[in-house]
Amino acid sequence: MTEQNRVSVQLQGLRKVYGDAVALENFSLDIAPGELVALLGPSGCGKTTALRILAGLDTDHTGQIIINGKDIAGTPANKRNMGMVFQAYSLFPTMSVLENVAYGLRVRKVDKAKRDARAQQLLDLVGLGAMGKRLAHQLSGGQQQRVALARALAIQPNVLLLDEPLSALDAQVRTQLRDEIKRIQTEVGTTTLFVTHDQEEAMAIADRVGVMRHGVLEQCAPPQEVYLNPANVKVAKFVGAMNSLPAEVTSPTTLRIYGQTVNLRVGEGGTPTSKAGMALIRPEQLTLTHGDGSGPASATITNLTFLGPLTRISVRMTGDSSVLFIAMPSAIALDFPTGSTVNVEIRATSVLLDF
Amino acid sequence: MTEQNRVSVQLQGLRKVYGDAVALENFSLDIAPGELVALLGPSGCGKTTALRILAGLDTDHTGQIIINGKDIAGTPANKRNMGMVFQAYSLFPTMSVLENVAYGLRVRKVDKAKRDARAQQLLDLVGLGAMGKRLAHQLSGGQQQRVALARALAIQPNVLLLDEPLSALDAQVRTQLRDEIKRIQTEVGTTTLFVTHDQEEAMAIADRVGVMRHGVLEQCAPPQEVYLNPANVKVAKFVGAMNSLPAEVTSPTTLRIYGQTVNLRVGEGGTPTSKAGMALIRPEQLTLTHGDGSGPASATITNLTFLGPLTRISVRMTGDSSVLFIAMPSAIALDFPTGSTVNVEIRATSVLLDF
Amino acid sequence: MKKKLTSVNYLVLLAASAFFIFPLIAAFEFSLRVNKGKSHGFENFRWVFQQGGFKTNLGVSFRLALLTAVAVLVLMVPTVVYLHLGGGRWKRMIEFICLVPLVVPVISFALGVGTAFPVFLQSTVYELSFLYVIVSLPYTYRALDVGLSSIPLMTLVEASRASGASMRQTLLFVIIPTIRSAVNGAVFLAIALSLGEFTLAVLLHWDTFPTWIANISQGHILNAIALSVVSLVGAWLVVLVMAVAPKSLRSNKTQEATS
Amino acid sequence: MKKKLTSVNYLVLLAASAFFIFPLIAAFEFSLRVNKGKSHGFENFRWVFQQGGFKTNLGVSFRLALLTAVAVLVLMVPTVVYLHLGGGRWKRMIEFICLVPLVVPVISFALGVGTAFPVFLQSTVYELSFLYVIVSLPYTYRALDVGLSSIPLMTLVEASRASGASMRQTLLFVIIPTIRSAVNGAVFLAIALSLGEFTLAVLLHWDTFPTWIANISQGHILNAIALSVVSLVGAWLVVLVMAVAPKSLRSNKTQEATS
């Protein structure tokens, strides 16, 4: 069911102020036809504001919204032809599931037979083909969001907007529906903006992840890129778990950390201006070997948290008492009980320095 | 702040029926003094019923509830001296945070100076020492649950009961508060029953995890044990992700799976009665090598989902078209783009067979 | 705990029922007394229907009720919806204004407001409808407000807008169907008030069904009781129709939907 | 969208205000007219206070209001709480029973219920309180019901029980403080109804403040208007005290709590 409605979206220099608070500052984002971009950030970072501006639900802003080369900033929400899925409970409670999905066509005065056929097609796509006659309250939360997705897609929207569609759901349903949304979006090919505060969700679903902090888009890149090569210290610290290790700058390209030499990666902040700082290293970039309590990388295991495939080990460094987290495959972690003496090894090819 | 109130809990042969539905069937569980047991299961599995029976909030049941050797089945809820934390919104809205925490002492007629001092001590313990004068609605969800925890602990309860205390919170707050609860419980040493539907939560927090299905306790063991050595096929399939691979029984102790020989582990189901079945292997027990498209373990990569430290790779087996999931450190997964031809290798020391 | 509550519930229910049902039975028994209480029959009722003005006055009251209901429907529903969409800024003030008719005794309305009304309005019995809309304001506003507060109005409106609907379509297709029971409740309250109101009608010297009953009852106590029973049963029928009809319609629809 | 709504809101507010405020101003102006409308002064008001029965009848009305309020507090609050805790089984039936006074015209109450009351009750003006409790039932029940529905009652009760509190302690320390504004609302509704009620008092031949006003006003239209303004202002003061006092107490407490 690939549809022809593939459009590009360009948001240019958006700025939005609520009272004294700047919700969005010089926000620019290009979305390619058929691409799925996820905006990731804590609540209040402006991600939802950006989505609502694109939807036309938030109007007092500056900047351009260009769809297929045409600025639509003046077009009201109901003329923008966007499909939107809300956080929860957005189905019309008095309409059947089929009527909900057909609603956008009904207000466009498409005749009943035609719109019902289209709605049924969409319900089949989201795996609820047999539920068309139910009412919203007869569905589970996950099913309701599937219907909301079908309703958003029924009008063959220019852009699909998903505003935290999974955050009200249980962990298991969330994961399942996340993969489902990705599959459907790939199949239909609609240009999509997805807003979430859940990192794993953003990473798993998006072609590109836009990391937002305080109304500013810090980085927008494929998930691996954001995680493995964060543009700056802010992104590095916000996305995923991160250890800060004391580091000495030994050359323009190398650091010395707990007696080990590691390559320095230069982020947006430029080259270090001081001789020391904190190196940012992920828990899975550290590993352990059994130790004898001597040496600069010596440490003691203080705690183990079993997380299924991975185990998170906390160690206290013998030298400076700082606490580090190490993520290890659980099968290997069995060799390292609480209290044992270890050496911490850095397995990172290059690291960012917070100076 | 280790407290002296360490009691053992024995639930024996609990059975509870709602109308025609059996909520709990022959449920027996011993909790050692100071231990934290998590009951894990989907909604409707009876885990909350077990907790409510222990709390005295659910009364029409059969079976014994023995606290420190004494059966308390006939004691009403307000005489059981249990501390309870609910899913959400259980703080008394008209009382200050301090008054909430002191409430259990107030109804026990402890004088004001004494109970306020105790409440302040508990607020300090949960990291909200400065918030005593606030009202509940002035706190975030996570802070409210900390207060609820302080309130539950203020009465020096025999048992601490936590009924999905984290499920209404955001992912980040959830993880943080989970570790905090574990720390406080270890410090205070109160025997604790924790109910959750979130596997990672149960794994991370509990000394032992009790896996429940349809009112029956299937296994109760330390997290690693449940994950790495599930008692039976039901537990294996419910806890964590699991692949099912077609296997031939080649000897009483070995299986042949995609041309590889793997040790058979005998679970509660006993030795296999048939010559073939599905071997249960976790995604991280599989790994990939670059392949040439031949051989029984040949496969094609169909999709990659980046999950931070791990990447989940889906492959389609060349021979039988079945789809397997493989969890790999993300740094290694970069070598395996979508569409490449690979061989699947099994890295499990022994596997369960679903026959 | 549940067991104990059940028996308390029975007691409460019994007490509440006795409060209403005993007087009703007594009234009905009274209304059947004929021959100075020596025997029972339906003669009082027959007498009632034969009195002059029965039809006329009942007609006036029903027309007043209809007019009041329409006014509530047309004025109040869009107003309260707009208030809810426009944020909470005005809600407090409007709520306060809606409390006013509660604290202003009806008698003050009759005297104070009555004199301030334009004369052309005062020349017809339908001026009462205006007053009834005002007097019922605290209840009708509250019913609609509760109805709208219990639904995720903003999300539904935005979902409808994003689907391409105009505000008019949104109101008609989404909002009103969703709060239909609240709308029914508000209209029903207005009707019940209009049918039974006595003070304003009497003080402004208009004849409605209640004032006619009060009039007729002078010196004919048994007949008056019979009349009160008749008007009561009539009003009950109105409630039943209004309360049951939409529900059975809805359950039919649900059945159809799930079959 | 918000911009448009704001101006609509202003219009609504203006219309609503005009509905009340214009008549009130007119009434006040009327009440100040002396010398057959040739000049203005406070003489009408002075005259009002000098009339025989002002204090007596206002006293009766206030005592009736107090009695009704106490009855609502003692009877209704625990009942509605118990209904909520005992599950939804009885709620529908009770709601239906609570609708009855709405559909039974007050006049029917006066005639039907009045005759069925025990004689010892009928011998005192305070029989009106019983009727006022019944007539206000739909509103007081609804206020308490909405209040209790808006809080997580079951969880609060269980949290209190688990903390070691008895049901009595739970009711006093947790539930009533939490729904205090609903309780205030219910009591206030009962008071407002008692203070302004006319029909029942007149038909059962008791003298209350409203019937006294109606009586006095015969032939003294300007004075009657002044009276209506006085009673209106008096009632407003009652509301203001009831509505503002608890709030300012609360905000003091909050300030203390956050300082």
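As written, the chain order gives the labels A, B, C and D, with residue 1 at the start of each chain.
As a working rule, a residue touches a chain if its C-beta (ideal position, glycine included) is under 8 Å from a C-beta of that chain, and two chains touch if they have at least 3 such contacts.
The structure presented is a predicted model; accordingly, all values stated were derived computationally and were not measured.
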item	value
Chain grouping by contact, computed as though subunit B were missing	one piece
Chain pair bearing the highest count of C-beta contacts	C-D
Geometric centre distance via CA averages, subunit C-subunit B, whole Å	54
Cα-centroid distance, subunit A relative to subunit D, in whole angstrom	54
Rounded Å distance, subunit C centre to subunit D centre (Cα mean)	18
Subunit A and subunit B: spacing of chain centres that average the CA atoms, whole Å	26
Sites on subunit B at which at least two other chains make contact	none
Two or more partner chains touched - positions in subunit C	1
Residues of subunit A that touch subunit C when the two form their complex	55-57, 77-79, 81-84, 86-87, 89-96, 103-104, 106-108, 133-135, 138, 148, 151-152, 155, 161
Complex contact set, residues of subunit C against subunit A	151-152, 155-156, 158-166, 169, 173-174, 177-178, 180, 254, 256-259
Interface residues, subunit D side, partner subunit C - complex	1-2, 5-6, 8-9, 12-13, 16-17, 19-20, 22-24, 26-27, 30, 79, 82-83, 85-87, 89-90, 93-94, 97, 99-108, 111-113, 115-117, 134, 139, 142, 146, 189, 192, 195-196, 198-199, 203, 210, 213-214, 217, 221, 224-225, 227-229, 231-232, 235-236, 238-239, 243
Residue ranges of subunit A touching subunit B (in the complex, touch as defined)	42-43, 170-172, 179, 197-200, 203-204, 223-224, 227-228, 240, 282-284, 305-310, 327, 329-331, 334
